[in-house]
């Protein structure tokens, strides 16, 4: 039902390495940037204020498969969807393309946490209004994804 | 039989983010740094000169699971081992600890490539002298790891 | 006469450090990004193809004064102008603002170089068509800036 | 009288860019790393606990002049000295060499600040025990450097 969130990203000179291509760590940076852009698109934020205090979504895992290298000034299209929405966690998928060619596919799993200053983050159930907004990004055919964490 | 290669890494101020912990992308940087340190330890290099010309090992996938956050000036111990050695590819595992606490575990799969200037890298079988050195780093109990790519 | 080139930049989560503000090194990254955006705006590129072969503009110096910290998701306005255009070099000024507050002012001096593969870059006079385009970005009141390198 | 603090730094693959050399922003990262290494060497820290509460040293300006490019796996020698010690600020100089060749020279001015959670940092006089330790790093011939901020 839902269509993935779409954004674009230009490969910057400082993303490249001596092999002449974008360094693999930049894909992870751009996964995070795209995630945060999606959150803003949903009216959320990197640090959302909720009734329960500020919450954030630290990562518990991240992965990326690299298919085709991209070079300086290439513009990548990035599609973000939610492939799993649990009680306390959310898993995003990021599909990078360039000129209709597959570039990379990444996933990132984040856990909803209450962040009180200085203490270690405490995982909590995703507040229902946040969960509702994320549920709208669940990829078609992943309906079953929306259950537990 | 083999013991993993060990190194350490200090969490720098510029690795931290506003949550007060090391940003997750720095783990991927430090996986690469540890990989290259291992290569040098084996008498190899980021770009090894071989009879077949210069070779390098572009990544085809990278992943990391994050267990405990680390903070500025923490010193992490990093263990590197080879968990899979194929004809053309090698998969490393990186175990990050701090004060005997598990911090993160990552994996990275790299493909042996001939790198002629400007052309796309061409995958080739790992030269036998390089493969021999990497085989010495295969993790104990992963003997079966040393087969195909 | 000329108005400075203007662009904007969102402070990303990965730009922040444990002090909760954008790390100072990100200002230098964004100076470069803004420079390259200006080059593209002028029909040039990070690596311009010219009759004399590919040219690029390695930095010989960079500086930045920091006035007010910026935080995650702040959008900075960046103005770029040419404050000195020499025979072989160009000096850009970057003025960062946020909500009409001064954030930082940076300068970067770059030297026009011929970049043949692998050799050290060789400085050359800026080709006249490139120099003309850069001259159009010389800041008002800096007419005298357009002389020697 | 004093000799500069000395450290070394290996140019990592992720420091390089498509020009095959270390990206200029990495010099600023390594200036900070060397500064913090010096602070630890003096028994201080990035965030020092003092009687007046935690203090830190945000940057108010940073600059670097680049002389010779360095490449992947080059080991740079870095010398750090204090070239100006004021009441509230300290200016460091960083001299980068590689194989006895000058690579770059940088300066960074930092202001002593009280960092209470979330408020903007408040500049304060450098506590006397900290100032004493920094004074020991004042470069010979820069005695006059040790006056006002």
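Note that the chains take the letters A, B, C and D in the order they are written out, and that residue 1 is the start of every chain.
Quick note on the criterion: a contact is a pair of C-beta atoms (placed from the backbone, for glycine too) under 8 Å apart; a residue touches a chain by one contact, two chains touch by 3 or more.
Predicted model only: the values in this text are computed from it and were never measured.
Touch-path distance (fewest steps) from chain B to chain D is 1.
For the interfaces B-C and C-D, the C-beta contact count is higher for C-D. Seen from the C-alpha centroid of chain D, the farthest chain centroid is that of A. Copies chain A and chain B of the same sequence differ by a rotation of 180 degrees once their CA atoms are superposed, given in steps of 5. Centre-to-centre spacing of chain C and chain D amounts to 24 Å, using the average Cα coordinate of each chain. Centre-to-centre, using mean CA coordinates, chain A is 30 Å away from chain C. Centroids of chain B and chain C (each the mean of its C-alpha atoms) stand 35 Å apart. Of all residues in chain A, those touching 2 or more other chains are 13-14, 20-21, 25, 29, 32, 72, 118, listed in ascending order.
Touching chain D in their complex are the following residues of chain A: 13-14, 16-18, 20-21, 23, 25, 71-72, 117-118. Chain A contributes residues 19-21, 24-25, 28-29, 32, 56, 58-66, 69, 115, 118, 120-121 to its touches with chain B in the complex.
Residues 12-14, 29, 32-33, 36, 40, 45-47, 72-73 of chain D are the ones touching chain B in the complex.
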